[in-house]
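Take a look at the structures listed below.
Each of the next two complexes has chain A plus one other chain: chain B in the first, chain C in the second.
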Partner chain A sequence: MRILGIETSCDETALAVVDDGRAVLANLISSQAHLHERFGGVVPEVASRAHLENLNPLLDLALRESGTTLKDIDAIAVTVGPGLVGALLVGITAAKALAFALGLPLIGVHHLEGHIYANVLAHGAIEPPFVAFLVSGGHTMLVHAPEPFRYRILGQTLDDAAGEAFDKVARFLGLGFPGGPELDRLAMMGDPDAIRFPRAVTQRGYDFSLSGLKTAVVRHVTAERGRGREPALEDVAASFQEAVVEVQVDKTLAAARDTGVATIVLGGGVVANTRLRALMSTRAEQAGIRLFTPPPELCTDNGAMIACAGFYRLSRGDRTALDVGASPGLPLG
Partner chain B sequence: MQTLHVRSSSAAHTAALGRALGGLLEEGDLVSLSGDLGAGKTTFVQGAAAALSVSEPVLSPTFTLVRTYAGRVPVHHVDVYRLRAIQDVLDLGWDELLEGGGVVIVEWGDAIDAILPASRLEVRLTIPDGEADAREVVVQGLGDRWERAWPTVTGAVRAAAG
Partner chain C sequence: MLVLGIETSTPQTSVALGSETGVVAASLLATGPASHELVVSEVARALDRAGMPRSALTAVSVGLGPGLFTGMRVGVAAAKAMAQGLGVPIVGFASLDLIAFSVRYCRRLICVAVDGKRKELFFAFYRPVPGGVTRTTEFEAAGPGRLVAELIARLEDILLVGNGTLVYRRELEEAGKHVEIASAAFGFPSATTLVELAIPRLQREDFDRLYDLRPNYVRKSDAEIAWDSRRRAD
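Then we have the complex of A and B:
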């Protein structure tokens, strides 16, 4: 079964063609380097107007790259939430139009379920129960999946998402915006124990809080400069990253232990962070837990993960009505 | 235009200022918030949201650009940090947000001065050189609405400082 997956929940206009929830025939994202010329270099964009401009050329390209015509498509999967309402609507409207015109089933997918299924694309079906740690620019969430398609949120951020905190601290350190990946690279050269930043252990067990840590970084650097000293930015980056990642790994492992699962699944753009991958991998191995991590290209928002999740939902008989709307605050569950 | 200078001594104090001003907000009001990273914008908004009877955690809107909460009136928390052009803000459905009722709180509002309504409350948070905890807070009221309410604003801010 060949599925067209459409994802426009935030910055990226993303389209993919995936066979049987596994074989990625095309997976295009509007901000990809080789598309810059075609799109005039004004990506990623947040406005729905940009999604609208990107969508049709991207669809043509995805079909051509996958050697597919619209007649070969068996179903349309699309992100219906959560996300920015105007951005979501562009993808949903396109998906509905295609499904209606081609007489194909439409399947709405939760963005975060998509991130979980990025692992299925890479590693094949993953049997619940498992704990998923979903971490990106807009989300930081620990989820327990007791059985297929059932999710219980264990905890989430109470202020900033991890990716956002990385980006903002990167900008403060002069690494540009978004500078999360730059911060990761700088941190590799620094000492993670140089500065003991507070570990954001919130009152509620699995929730996260990063606003205070971000402020602690600003305070540290400002105070050092006030004393006439220029702090070693690689040490600040490494120490900040360690404080973030340590809490994330501790809580994820604790969630797996407390729910009695033997599998952890990671998803979202921040999973590309090398320190998070390394520490999670070490600690999971010590605990005898199987860890699934998507390859970096499937960590960021993409259409293939939506097509994959859509395939599994269709396979069990799910269908979405053509009057579906955007759900900016759609809960996972 | 009315201006008030306050010195916040701590994050708790900044939150109290947020609560004090949040308590005065009514449907149709807009607050433009500015300040560097770590200056206390999140803390301030959390305080204001609490005063507006928002019970859920107030998450950063940086990535999603807008988050709406059900308080005693709808509270739209907007962040224009990532937007590059005024047109991007308009494309967000800006006019609908302003006219849709409820309270709008915009972070980094100073970047979109040109499209802010003439009547608004501006709050600017700055970190004084070499200081860790203290913040300079400047509150400005623009337009008749705030001209009239200024004695109340001054009273609420003073009470929060107490």
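Then we have the complex of A and C:
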């Protein structure tokens, strides 16, 4: 079954053609980062306008690259939430119109379920139960999946999502946008033990908080400069990253232990982070847990993960009606 | 020829199907944001009612605004994807032109003004000509005060039409006795007009390019406006 996946929930217009939830024939992403950079964050109206302009040419490109025509497509999968309502609406409306014009089934996909299924693209079907750690620009979330398509949220961020915190700290340090990858690169040259930033481990349960850490970074840099010293930014980056990642790994492993699962699945843009990948992999191995991590290029938003999740939803008989709307706050589960 | 019209740039969403011999099915919704979600299923319903398969569609005609940003995008996204999926040509029309066209038999200057939110209207002036109207100004986005000044400056009888008159009736009445405000029944662009206007363009193969067709926003996004004014201040 050949599925066209469409993702427009934030600032990437992404389209993919995927066979049977596994073979990625085309996976095109038109990043709008350059449009939003001067504003220091994603501007919803700017994002929505760009999605509309990108979609149709991107569809032709995706078809060409996958050696497919519209006649070969068997279903359309699209992100229906969560995300920016105006941005979602462009992708959803186009998906519905295409599904209708071509007489194909439509399947709406939860964006975070898409991030989970990025793993399936790379590793094949993953049997529940598992714990998923979803960490991206808008989410930091620990989820228990006791059976297929069932999700129970164990904990989430009380303030900034991890990607958001990476982006803000990167901006404060004068790095580019989006800041996560830049900070990751800078941190590779720094000493993670240079500065002992606070770990928010004292919080109960599986919730996360990064506002204290963010403030600590700002305070440290400002204090150093007040003393007439320019702090080594690579050390600040590495130490900040270490503080974020340590807590994330601790809590994810605790969640797996407490729910009694032997599988951990990672998803979301921040999973592209080299330190998170490395530490999670070491600690999972020590604990005898199977860890699934998408390749970095499938961590950030893409259409292939949506096509993949859509394939599994369709296979169990799910269908989405043509009057579906955008769900900016769609809960997972 | 079977043309699909989609118009979503005001709070009235409409779709219509028709040919050289007239409209064969149409539907109109004014249910707020939910009407955006119903555009595609309304197209399906209209085809059902007309007893036609979707493969009978030979072209898509879409309203490009100016108007409500989200609405325009829904209409244009639906129309473009429909045209691409069916492999048929697409034509776009300014939504204000549709309103002017629907009152073309009045022998007066026409001013079309639709509500643009943010305390602004989108407006333009038109003259009736044999067979239709011609627009004599660019589209402008401005508050009701500016529109009143434009109306006063013109020393001839004017028909003022568009859903902007529903929102700013009191202010606009200040313009004077030479301005008549048309009834709300004429105040919204309609997909049936889109079908009617599309036919001659389709007959002479005056299509729009799918990739280039986009809503007529007229106004930049708030973030861009703020950015521009900060730059000017620096």
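Please note the rule applied: the second predicted complex is superposed on the first by the 315 of 333 C-alpha atoms of A that agree within 3 Å, B and C clash if a C-alpha of one lies under 4 Å from a C-alpha of the other, contacts with A are read in each partner's own complex, and residues count from 1 in each chain.
Here, contacts are C-beta pairs under 8 Å (C-beta built on N, C-alpha and C of every residue); 3 or more make two chains touch, one makes a residue touch a chain.
What you see is a predicted model, and the numbers here were worked out from it, not measured in a lab.
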item: Partner chain(s) touched by A:R49 [first = chain B, second = chain C, both, neither]; value: both
item: Chain B versus chain C as contact partner of A:A101, first or second or both or neither; value: second
item: First, second, both or neither for A:A237, with chain B first and chain C second; value: neither
item: Touching partner for A:L142 - first (chain B), second (chain C), both, neither; value: neither
item: Partner chain in contact with A:A62 - chain B first, chain C second, else both or neither; value: neither
item: Contacts of A:E164 with chain B and chain C, given as first, second, both or neither; value: first
item: Partner chain in contact with A:A118 - chain B first, chain C second, else both or neither; value: neither
item: First (chain B), second (chain C), both or neither touched by A:V217; value: first
item: Which superposed partner A:V245 touches (first chain B, second chain C, both, neither); value: neither
item: Chain B and chain C contact sites that coincide on chain A, given as residue numbers; value: 45-46, 48-49, 86
item: Complex contacts: residues of chain A adjacent to chain B; value: 10, 45-49, 82-86, 136-138, 157-161, 163-164, 168-169, 171-172, 177, 211, 214-215, 217-219, 222-223, 225-226, 328-329
item: Chain B - residues contacting chain A, complex; value: 11, 36-38, 40, 42-43, 46, 57-60, 62-66, 68, 82-83, 87-88, 91-93, 127, 129-133
item: Of all residues in chain C, those that touch chain A in their complex; value: 33-34, 36-41, 43-44, 54, 69-70, 73-74, 76-82, 84-87, 210-211, 214-215, 217, 221-224, 227
item: Complex interface listing, chain A residues touching chain C; value: 38-39, 43, 45-46, 48-49, 52-53, 55-57, 59-60, 70, 86, 89-90, 93-98, 100-103, 321-325
